[in-house]
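Accompanying notes for the structure given below.
Should a chain be cited, it is by its letter among A, B, C, D and E, assigned in written order, with residues numbered from 1 in that chain.
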Amino acid sequence: MEIKFERVEGTSFQYRVALLVFGGFALVGLLSTLWVMKYGIGRTGMTNRVPWGLQIVMAVYYIGLSAGSLVISGLYGVFGKLEYKPFARIAVYLATLFLIAGLLSILTDQGRLDRVFVQPFVHFNLQSMFSINPILYNGHILICLIYLWALFTERKRTTTVVATLAFGWAFCVHSGTGAIFGFGARVLYESPLLPASFVAAAMASGTALMIVMIVGLFRATNRPLDDELICWLGRFLAICVLVVFYFLFVENAYRFYVVELREAAHYFLFGGFHSLLFWIGLIFFGLVVPMCILFNPRTGKSIPWIVLASSLVIFGVLCERYVIVVPGLTNPPDLFPGMEIVHDPALVEGYATYSISTQEVLQALGVLGVVGFLFLLGLKYLELLPTEARIHPD
Amino acid sequence: MADKIGVFICTGYGIAEALDIDALRKVATDEYKVPFCKLVDSCEGADLEAIVENIRSEGLTKVVIAGISPRCYSASAFPGSVIVEKVALREHVVWCQPAGHEDTQMLAEDYLRMYIAKVQKMELPEPFHPEEMIDKSILVVGGGIAGMTAALGAAKAGYSVQLVEKTDRLGGWLARQHKSVPRKPPYVELEDTGVDDLIGQVEGNPRINVHTSATTSRIAGAPGLFDVTLESTGNGRPAGDVLDTFRVGAVVQATGWRATDPRDTLPYGKLKDVIRNVDLEEMVKEQGRITRPSDGKDVKSIAFIQCGGSRKKEHHSYCSSICCLTSLKQAVYLRRSDDEAKAYIFYEFMRTPGQYEDFYRSVQADPGVFLTRGEVTEVTRDGDGKLVVTARNTMPGEQIHVKVDLVVLAAGMQPNSADGEAIRALEDARVVVTAGESETQRKEAAEKVARLKRHEGTAILNLTYRQGPDLPTLQYGFPDSHFICFPFETRRTGIYAAGCVRQPMDGLGSMEDGAGAALKAIQCVEMISRGEAVHPRAGDTSYPDFLLQRCTQCKRCTEECPFGVLNEDEKGTPLLWATRCRRCGICLGACPERIVSFKDYSVSIVGAMIKAVHVPDEDEEKPRVLAFLCENDALPALDLAGQHRLRYNPFVRVIPVRCLGSVASNWVVEAMSAGYDGVIMIGCKYGDDYQCHFIKGSELAATRSENIGEKLEQMAMESERVELHQLDISEYDRLPKIFDDFMEVIEEHGMNPFKGM
Amino acid sequence: MPENAAHGRSGNGRGLLVSILVLIVLAPLGYYVVRGTAVALGGKPSVEFLERPATQDDRCIWNMEAGEMRLHHWEHLARIREDVVRFGKRDVPGLNECRNCHQSRANFCDRCHNQVSLTPDCFGCHYYPDNEHWDPQRFPER
Amino acid sequence: MAGGSGALALRLLTTSSAGAPGKDSPLAGKRMGMVIDVGKCQPDCDKCIKACQQENNVVQAAAHKNHELAVHWIRKVTIRKKIETDEKAKKAEAAQKSVILVCNHCDNPPCAQVCPVRATFKREDGIVLVDHHRCIGCRYCMIACPYNARYFNFEDVEVHEEDLNKDRPKRSHGVAESCTLCAHRLDAVDQDGNPSPRVPACVEACENGALAVGDMNDKTSTVYELLRDYAVKRLKEDLGTEPKVHYIGL
Amino acid sequence: MAKGDKTVETADRTSREKQEAGALVSPPAALADSRDGQPGWIDPDMDFIRVLSRQSGDSLKKCIQCGTCSAICELSPDPKPFPRKEMAWAVWGMKDRLLKDPDVWLCHQCNDCSTRCPRGARPGDVLAAIRQQSVARYAVPRFLARWANEPYCVPLLLGIPIALLTVVLYIGNSLGVPQPSRERIIFPFCNKLPHWLLNVSFAVVGILVLAAVVAGAMRFWRAMMIADGRDGAALPAKSPPARIVAALKIAVPVLWSIIAHDDFAKCTKTRLRFYSHLSVLFGFLALSLVAVWVVTAKVNPLIPDGLIYPFGFWHPWKLLANLGGVAILAGCLWMVVDRVRDNEHSGAFSDWTLIVTLLAVVVTGFIAEILHFVRLEPHRHVAYFTHLVFVLTLLMYLPYSKLAHIVYRTTALIYAEYSGRNGKNTARTAGREEES
């Protein structure tokens, strides 16, 4: 089927405003990062007990969001649902941007930003996920770029080849991201399930993002779009969400079952703010409600509902990332089994705390700004959007 | 049998709304006592069938249908045994006149009257059949590519062909070419001429009878009855021997062309290394390489001079259409032979018609081919024997000199035709020179002889026509025809020109031409065998009938017939070759004694129409103008005017005529005496690029209208009351103005004094 | 004169732009002209000699000629660093030992580093006395 | 020419790749370890900590605005048995112990394993160090360390010149650090370059002899003897990190 | 001016007068031999045509002389239709005529004509090829120019500077870094290179190049003179100072119009060509100025207290150099985009080589700079070496590569002004009066 792609004029008031807003974000982020470079990351909410914070959360979150291209290319490239080809370009472009976003977040999180551009290129340690992942991420960006090129130049064979490659590579990327934590020596981290559940969550958030983006863009630029396509994506999303739910259940059930983990599990589920996020943000709004919407035969067919569900999933996965990263750190290691620590100069009471600082928020916004800015530019200068997306084009 | 006239009045097309139908009906029933008159809703489809049914059931023999224009009916709409005349109430009345106006009503009634009167006088024509059997075989003169294609075409269509070639072998120019310019996409690579294959086909075809080294020494008779005598050209058998005689039905003249002799400042003939493109072509054909005539060395550089000796004001000023291609082709010869060789082409206009543009581009891209526009002022021999070509206004420089081994002049085409009329004129002049009455006459004749001397012995076809032994030529020796509408037609019925004798063209064009001419020839023999006229009045079965008892041997008809239909005996009485006739009626218009008439078109018939019109009295201030409109262009133009709803003067009464040339002068006189205030004649354009379908008709009419003017003066009437206009079918919008202007003329001269006498 | 008329076209914004560019290109030259004349008029040269160690002989403890020291000191330091940190070899004198002779970081290190806009981050951690005031006489030119 | 620079580059790279023992490495064959006698450690004594801070330019916790940003190369925690009911509290009071915590210099250090630039590495003699010239501050090591023994310089902390140990570097912001077992003391040399090791600052400072550091392969060393004579415990042995800090009477 | 030229010139003039008389020259036996190359006598040079076609001029034969190009060209002077006549000459392989024609250098290849040409003859590209040829004709020595246009010579061309630099460095090292401590290079950008020797060798190469450039320009000028049939000294004034003044009067406005891109500003196809070339030109000027400054530091009176190298980041020269680098980078990138966009005008070999070389120079330069500030061993040495290689390449082949247009276009423009080509008979008429 012959698909035509068109730029958006990018002359509307909203477009300009959006451009401005994102640009502002990017600027702010840049400034705050410079600030951090000068004074060290002490301005963030991180501490010696909680050395990782919002940036890492956002990083893995962004990486997860980049899975949209994985889904789409998987759909038409691997499972041969050709009607999704129209979305390939936008999906891959978004993936590229979010991978960049992930890298930026990690970058802005480093203590010595100046050295990041030198040392990793001189010294490798292939035992470290932090040495491996950049390769994976950059590799994925590269593949995505080739992929984009193939899509824009309408190279059929190359596209299929690259699509499959990207599909496989993306799996590595998300597993690798999961592995950062899964192989870390923390009670709430180390779990072989983590990489897998990361992939699941990534696909969920990626699909959700694609749904929101596609619907939003097609509506905004009023291009014809077959609901059928979105509904199908919705069903797919539902499955992903289900899988995520399943992984979470297994993991926590296991923690509760094993005696020495029980305390940690208890802390994880009922230990403060993060458990609130877990139950309300992730489980209820992020998983249950969307599933109800999506599996309900009526709402599962209506675009607005699906979009709502998707947005909820996007939010939920953010919470998921948070409750993976932070509680694992705030929960202290049990150095003396059977004993309790009465006094520790480094730690006033049992559990450490982590509170997000404006500093970090600004940096996160900055990254978002960069992505948004590039995305808008892409819309204007690249032929990303199909003029129409139909299952049976007439 | 007694005629039964029927009138059908159509009420559709807004006619009923615009006219008083009852009044109209009364014209038929009361005035003319027509036995059968019927109103119909329309003149098409079911209603038309109903009309035909009525004709049958009522046994009508003559019918007038007042409705739509005759041109809206198919030829086979009515049974052939019935005379049907159609009145274009719609086009000529309703659409171009205000509805319900009394003048409009009068106009309609007059038309009805005219046509009823017409049919009353008309008779059913019966086709002409000579007593001898019509022969359907075809003679092709000229064995070039055009001739061979024509012969093959006709033969394949099942007609036996006599192919006559002057030289000892077929092929013509094509056979003398080394290679042909590319004739198929991508139009880059030179091709084999494929002439041998063609010759093989021709000679192999059982229906084609090839005569080489032969010329037509005599072609007597008329289409369908041509008696051909072949003579030897002298190789093999002694010249002048009669080789063969046979009868054919039609002739295709494909006698091709000959190269011009460049005669201007360029030293062709003076310097050995200045040759013509045809010479070069033959050189390559024979020895396969290009050498210098002077010293036989291989040629490394050639200057091609386009339009060499043609395109000059003084002579041969037309484009021969293939010289540019030939030079490009020969440039390719040179470049193929040697990669360092250089070919210069000086041209005035580079003309590569049609797809040959691509060939041009491909040659142009060759680094060794140098094209420039420019005027070669002179070619001189240099110290080292090379030639120096000097050109002016070239693109590389104001004046340039180029040293070359060889200069090739692109000689133009000259048709291998003879001007029959000139030859005839020459003979006549000779007679006068010997037996002229007065001295002056003889002197003039002598001058004429001197002027026409070059035509002596140029005859090719040797027809036994009174008007001369060959086709009349129009310009540059190309026979008279219309290059778009009827390219193959000549002024000799049944003789068709094809190929370069007709117009300069390339091989492909000649082949198309040959095929086309063959088809025309076939058409011709078929139609005359049915007693029908050929183009332009194709299918017309009437033919002129001479009441010879009253002939005064004034020879006007024989002189004026454009198609040489009429020979004359020694007394000068016209002898009619009916199969030559195209039924234009010019003879009718020519004859002062009114002895020529057609069954359906004659002095009396038109006269009746003229008289049928009701001319109001002088005090009614309603003038009447009679308009003779040529059926070929003017009448359709009038229809168009109607279709475009152009308003024009309601006092005009139109009578269609076969050709303005067929307008008999006494019709005007009758009209005047009948009280018309003026007569206007509208026909095709005449002159050098005439459009008259009968070549001279409108022109003759023009000359005659002058002495008509004189006649009127004798009747003490202003000659301005007669006007003649030339009209192109596309100029229909001029018609209303023509009429109105004429009306003003009439007004200033006042009403016709003869009214009501 | 006609040319000027012809080129008068460049009197518009383009001309301005181009003139500005020309000025930019020539600016440093001007800077040098000014400075050069200043020096010629007896202003003090902006670049003095570097601090020479208080010790008598001009051989450094690395037993290297001053010129080579300039060219290669950081490589030696880097190599020594690796040995110390990674392999516990402390037999070679390192950064700490430099300050025994070259007492002023400002004049011994920073002067050059500033000249070439290099900011090696040694001194973020390693102590080096940073006393600005020093007296050229103590370290006569050579 | 490029060859020339290349050659030098080669040399630099080889020397900088960790773990490869230099030919005449002074560390060859050593296995540094630490023994802490919990019994001898006085609860209200913090000499070792002070000494460490003095020696290594570690900033006192007080100097930090946010105490959670404070750096403790060596720290002292008070622990007791978990108690269910209040009336046993008295008994439990007695059972309180104060335990010195330092970097365990594991034989399989997870921190070194995860460091993307090999800034954290294990010396040939088993001491785990951070190359502050190379650390990019990703803090992955802190995540990986099961003992929370690693600290990060979230910001530049100025140490006043007077109480600064001028021979020891302080750390700039953005790098991770932990106890070095006073490696600089252990491989100190004299004028002629002969080894003249000194005990770490904390050990030197402890008047109760609760701390001992030495080569566990050296049969003459105190550490060797202590390990031979006493039953020792190590923290979270189940993790298989093989810590080299041993506790007597934990 | 040589006597030989005079004779030729007179013969030439006679023939010209004949033409002006318009009388049909009965081929003068006197002129029968050795009249090739004289006006009017054409012997097309097919190899020339082939060469042009091999370069960007592959479309030249398509020209049908419709003159659309001249109608469109902003630079076309009324008396001589330009570039139509050049196209005609090219089609007719009139090598001499073309290479002596200052007009081919007026074109700055805005390609208005190429885009508008009804037959796709792309006059702009043809002219580019012709210019390349005239460089090859006048360059000293010629063979270098020939190589500079042959793709298969690229390895050789790059090899020469590499070899040269390697030798220099080898010698330098065997002579022994460290340099004398008097050397004011206190902290060499790349301490593996003997800078004093580098400077010397670059200076030498620079001087050689300059010589080559001047020689080429003089050849060109003389050729144009002969073609126009005027002796070399046809400046209105006779006394040396007056001559200089006259020369300046002609040269200065031309130079200014070049700097100000008057002609580029006329280009209608795309305004950005103006900016791209402007930025590249000024970037180039800036960088060359800096380079010259550094190389000539030792003999520079303006540096009384010696040069301190490398400059600090905020040093005026350093700033200028960085700006220049950025300018060239931006300009070149735009040029690339421009050429890639215009799909049928892919750009000639010489064209691309120049752009790529420039890009290589600045990119390697920036990389080297960054690595220098990061002090990343040994990468910065390699980067710097590559940078030097490309700089040397650019410098060495200046008189032969497309970069030579700096010289030849300037010469041509000055000549055009001087000969009053644009109808403005300033110097020419004056010169004529002198003659009469």
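We adopt the following convention: a contact is a pair of C-beta atoms (placed from the backbone, for glycine too) under 8 Å apart; a residue touches a chain by one contact, two chains touch by 3 or more.
In this text, all values refer to a predicted model and were calculated from it rather than measured experimentally.
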item: Highest-count interface - the chain pair sharing the most C-beta contacts; value: A-D
item: By mean Cα position, the chain sitting nearest the middle; value: E
item: Geometric centre distance via CA averages, chain C-chain A, whole Å; value: 47
item: Between chain B and chain C, centroid-to-centroid distance (C-alpha), Å; value: 102
item: Whole-Å separation of chain centres (CA-atom averages), chain C against chain E; value: 38
item: Inter-centroid spacing, chain E versus chain A (mean Cα positions, whole Å); value: 55
item: Contacts with 2+ other chains: residues of chain C; value: 75, 78
item: Residues of chain A engaged with two or more neighbouring chains; value: 122
item: Residues of chain D touching at least two other chains; value: 8, 12, 16, 156
item: Contact set on chain E toward chain A in their complex; value: 374, 376
item: Complex contact set, residues of chain D against chain A; value: 13, 16-17, 61, 66-72, 75-82, 96, 99, 101, 110, 113-119, 134-140, 142-148, 150-156, 173-176, 235-236, 239, 250
item: Chain A residues touching chain D - in the complex, by the definition given at the top; value: 39-44, 46-49, 51-52, 109-112, 115-116, 119-120, 122-125, 127-131, 180, 184-186, 189, 329, 332-333, 335-336, 338-348, 352
item: Residues of chain A that touch chain E when the two form their complex; value: 117-118, 122
item: Contacting residues of chain C [partner chain D, same complex]; value: 75, 78-79, 81-83, 85-91, 96, 121, 124-127
